[in-house]
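What follows is a pair of complexes built around subunit A, which joins subunit B in one and subunit C in the other.
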Partner chain A sequence: MSRQTKLFGEKAFDLLKELERSSQTIPAFDDDGVRQVLEEIKAIFEENVAQASTYNTSGDRSLWPLLNFRHAALQRNKRCLLAYLYERCKRIKALRWEFGPIIPGDIKQALCEPEVTFFNNYSKSLAAYMCSAGYNQGLPIDLTNNLRPPKSLYIEVRCMEDYGKFELDDGEVIHLKKNSQHYLPRAQVESLVRQGILTHIA
Partner chain B sequence: MSDVEDVAETQLEIDDTEGAGLEDDDDDDDMEQITAQKVLETLETAWINEMCAPEILPSQADMLELMVSQVAHMEEQMRDLDKNDFRAVVHSMELERVRYIMASYLRCRLQKIETFTQHILNQEASREPDDKRLSPEETKFAQEFASNVDEYFHKVATQYMPNQQRGEAEQRIVTPNLMSHVFLKANVAVPAVIVGVDDEEVDMAAGSQHIIPYQLVADLIQNNQAQLI
Partner chain C sequence: MFVQDLRNDFYRQLVGKRILIVVNYDIDAICASRILQALFKYDHMLYTVVPIMGVTGLKRAYGEHQGDVKYVVLMNCGGCVDIVELLQPAEDVTFFICDSHRPLDVCNIYSDRQVCILGDASLEENIPAFETIFYDSDGEDEEEEEDESSDPEQQHNDSGAGESDQEDEAPKSRKLSRLERHEQRILKQRARRQWESERDRIMFEYTQFSYYGRSAALMVFELAWKLSKDNMDLLWWAIVGITEQLLLGKIESGSYTLELEQIQSHVSRLTNKTNDQNTMSASKITFENDLHLVLYRHWPVTESMRYSRYSSCQLKLWTLRGEKRLHELLLEMGLPLVHARQTYGAMDLVLRKEFFSMVERLAEKYDIADIVYGTFTLSYGYRSRYAAADYVYALLAIMESVKKHKTPEDCFLEASDALSRQHKQLLSAGIDQAKLLHAAVFRQVQSSLEARQVHSAGSFFYYVLQEEHAFFSYPYALGLLARFLLRGHVATSRARQAPDLPLIASCPLDAAEGMCLLVGIVPVREDSPRNFFGKAFEQAAQKSGVALLQDFFEPAVVQLRQSDLTRFLDSLTVLLT
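After this line comes the complex of A and B, so read on.
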């Protein structure tokens, strides 16, 4: 505790560093860290308010630099904290593009509740936008498809797990079994490839 | 860039085989008849401009709508073709490419909207109705997104902060760097473009290419006198 008062903003910076360094898609929400930073902000703020009133009454100029310093520390804490949240926002958005409207269970554990709400709302507005993007034609454009410029109509894929039956647009049904290889229309299997059920082999 | 040329070439090929079938004649509110070829070209330019420009450009919703109906139309025609017919393969490849361009274009805009949400919304609010850059759908998305992020920030952090520290949302506005350099090609000769701070002027010959800060040429791109590459 005593160390914390000596080094303002250290915890906030740690939050960011950890997020930056983590190799996971999204590390667990650092509840404790965020709370500590918020407490620090509050503590600094209260100290400053107290001293500001002393300053106002006594006019003691020697307090002035200290007040400014605390204010800067407070701003920095706030900025680091919001940057932490914003970066997580970005990763959560990426999840929507990668996995579709449902968060995989293991990732969901890493999110805190407001983040799940954020994801759901984001997912909803994105879906609404994509529906309306087809305009009066009634054909929604799925923006999460066609992520890469098309090179060929068909791609060769290998199945990574037992997926079962998969029906193509023309009604043909194929069995996706583990380790089987198929030559399929790229547009229709793209989402499966992204989910890791199929891998694209050259 | 080679992809783009590729697309244009295939489109030409299709025009040869399909002939008048591709003419878009159900669009009668435009004075001039606009061909599918022209729509695609406009869309391609808009797409490349959007990808290269740091700020969001006016939405090409009309063109996009035309293209969507065109794609639907072509799909309709292709249903009669044999699956192994050479033409079917070429056509569906072409359709894939067109779809990619449309999706990529919209995605790129969404990305800008997400990054510069508040800035874009503020700008839109100050624009005349005819001058809006976002389509109504995009505006809705932007507003939802902005309130979404705010709500999240509020729930997790800002509500626990001391009062005086909250009302600084305007500090969080992300703005695009309009002075970032872009590559561009002049479509027509443009005399006396002001470059740099000291009012230095440069004449751009038609077809010439330049590297220049975006803001100085933003109006040329909007007037289609130049395009980004």
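After this line comes the complex of A and C, so read on.
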């Protein structure tokens, strides 16, 4: 039979390879692949059950190694599936840190229903944690602000468009005009950098 | 007011303040501002850098930041204009001027607080004394009002009358007749007129020539050194700054040599200080004798020789005979044509190592003795090795690579980025651009000389480009072209006084507005960068009634209407003969 040319576990392995190789932050959930692996597991299991029952009745140990082998294949498929799901969960967690509590539309399409729920739950618990982590109650700390410890308190930025006046915390007023270069406190201009009004120059 | 102690009177004043740095469009200024920015970064001082082009740019930039900043640093701009009058700043704003343009404006020099010029007053030449150019006009008015009483009194004091019996004298002097008083007034007026004409003469002598002082980058680097915050990068920027001065003829070769010695000591000190032995990451600056060939490390030798001003003009490489002579030279050097025609980097290693000595050996014979000069090279890692001149040419090309989607400001920032070591690709792009520029200059020179487009107006040459050009509509490129052209013309001309005559080159700037750019350059035989065209342009414009736009900080670069050009040149001819 042509189907027999395929090895056990190949599908599951492909699933993982696909995930690993994709260049997107998170590829679309491979519904089809997962289903096929599940089917394979089911088929293996049914065959094993059938043969195990004959062993039980007849006590014929000649099929014993085959049984063991099938079981190992089944276990492997299961591990692969779990790894697939776990890796995706990890990426979804990273999403929360990078993009904040709302998933961008194009990424949302790639997630399946339970994953979205997972994201929401994760987001909720993170928010709850951030609220509780505030030193003086009521002021939550935004842990997602500095993912990497900043090297210096100030950064050198270049203005990409005419923004107008920008006031710093200490009252200094900076005139942000296209093509001017400034050296400013990182914390206060971070949002402008994210908006693309300023760019950080190394 | 001059500030000599940069560390205490300039830098210490600024620490902790917010600063506006206004930078002119030239490489020296870019280098200086980069060094200054590095210093400010160490001390966490907020600053804003604004590139500007010309006086109107300066005015606009200051207008935008007015009220927000109290300390303004002007890099290579503003020294030659009366800052207080131009910008009308509030009382509490202080300007620090770091400008290599000379002569400095006398109002800036004698400003008592608001304008500080970085530099050493004793190095400045023949600044007019205060009393010869400023008349105490407040005192004057009082005198006029109290003419009756105080004036004669003064007269007496001057004539040595005793102080004690002044009161006795005073009533007596009142009795001076009307006639005498009238006489006195006339005498005073005459003295005043004399003083005024004397002042005009002094001011004319002072402002007659425009020239250049010390490189701003070098000055700021010395500040960094005194603050013990210097490093290899800063030193390299200073070197690039001074090399720009050399290549654009802004510095005499004598003072360049003097500066070289000082820089050399900085180089050896810093080399010993950094103990980074890893060749991959260490940057190393070395002093060496190099050749005045543009970008020859990045170009085939034949191309570089042809496109360099000095070698090309000495050998007349745009002619067929010159071409033959070049081949002769290569033959005698023992450099096979196959190698000479491929990029220097791909040449045989042995030939590459011997190239300098080969040229040096034959320099005398081929009358290109001045091709050797002392300079610095920067090696970084294994592959990149740049002479300071390579940097200058590349940055110049980047700065003038204005295109439709690329404003001059973009070009400026790109040039400033290309200075740092992380942006090697920008620099190599700049080098490619510079190659195009030099090739274009050479072709233009060749065709212009063949068509005899350099005309003589008796006391100067002039050259008028008729249509807009992608390269030459910018001041530096036009300057390069003019210098090359003048040298080439002098080399071919038979007239004996040709090396003593300056050249004016003009190129249309903007066809739609009908403006054109005018550049005046000094004669070939002149070693010093003293250029009288700035003042001459101004006077010729006054006489002919042509509207002249002296917006650039280089006085010898001006803009005027294309239609006024002939009239302007005529009046200049009259003025200079």
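Quick notes on this structure:
FYI, the second predicted complex is superposed on the first by the 151 of 202 C-alpha atoms of A that agree within 3 Å, B and C clash if a C-alpha of one lies under 4 Å from a C-alpha of the other, contacts with A are read in each partner's own complex, and residues count from 1 in each chain.
FYI, a contact is a pair of C-beta atoms (placed from the backbone, for glycine too) under 8 Å apart; a residue touches a chain by one contact, two chains touch by 3 or more.
Fair warning: this is a prediction, and the values are worked out from it, not measured in the lab.
Of the two partner chains placed by superposition, only subunit C is touched by A:Lys177; subunit B is not.
When the two complexes are overlaid on their common chain A, residue A:His200 makes contact with neither subunit B nor subunit C. When subunit B and subunit C are set side by side, the one touching more residues of subunit A is B. In the overlay built on the shared chain, the residue A:Lys17 is in contact with neither subunit B nor subunit C.
By the document's definition of touching, neither partner reaches A:Lys108: not subunit B, not subunit C.
Applying the stated contact rule after C-alpha superposition, one finds that A:Leu153 touches each of subunit B and subunit C. In the superposition on chain A, the residues of subunit A contacted by subunit B and by subunit C overlap at 153. Against subunit B, in their complex, subunit A makes its touches with residues 34, 38, 41-42, 45-46, 74, 78, 81-82, 85-86, 89, 93, 112, 114-115, 117-118, 121-122, 125-126, 128-129, 132-137, 139, 141-143, 145-150, 152-153, 170, 186-187. Those residues of subunit B that touch subunit A in the shared complex are 3, 61, 64-65, 68-69, 72, 83, 89, 92-93, 96-97, 99-100, 102-104, 106-107, 110, 114, 137-138, 140-141, 144-145, 148-149, 151-153, 155-157, 160-162, 164-165, 172. Residues 18, 37, 40-41, 44-51, 64-65, 67-68, 407, 409-410, 412-413, 417, 422 of subunit C are the ones touching subunit A in the complex. Chain contact summary for the complex, subunit A toward subunit C: residues 153-154, 156, 158, 165, 168, 172-175, 177-185, 201-202.
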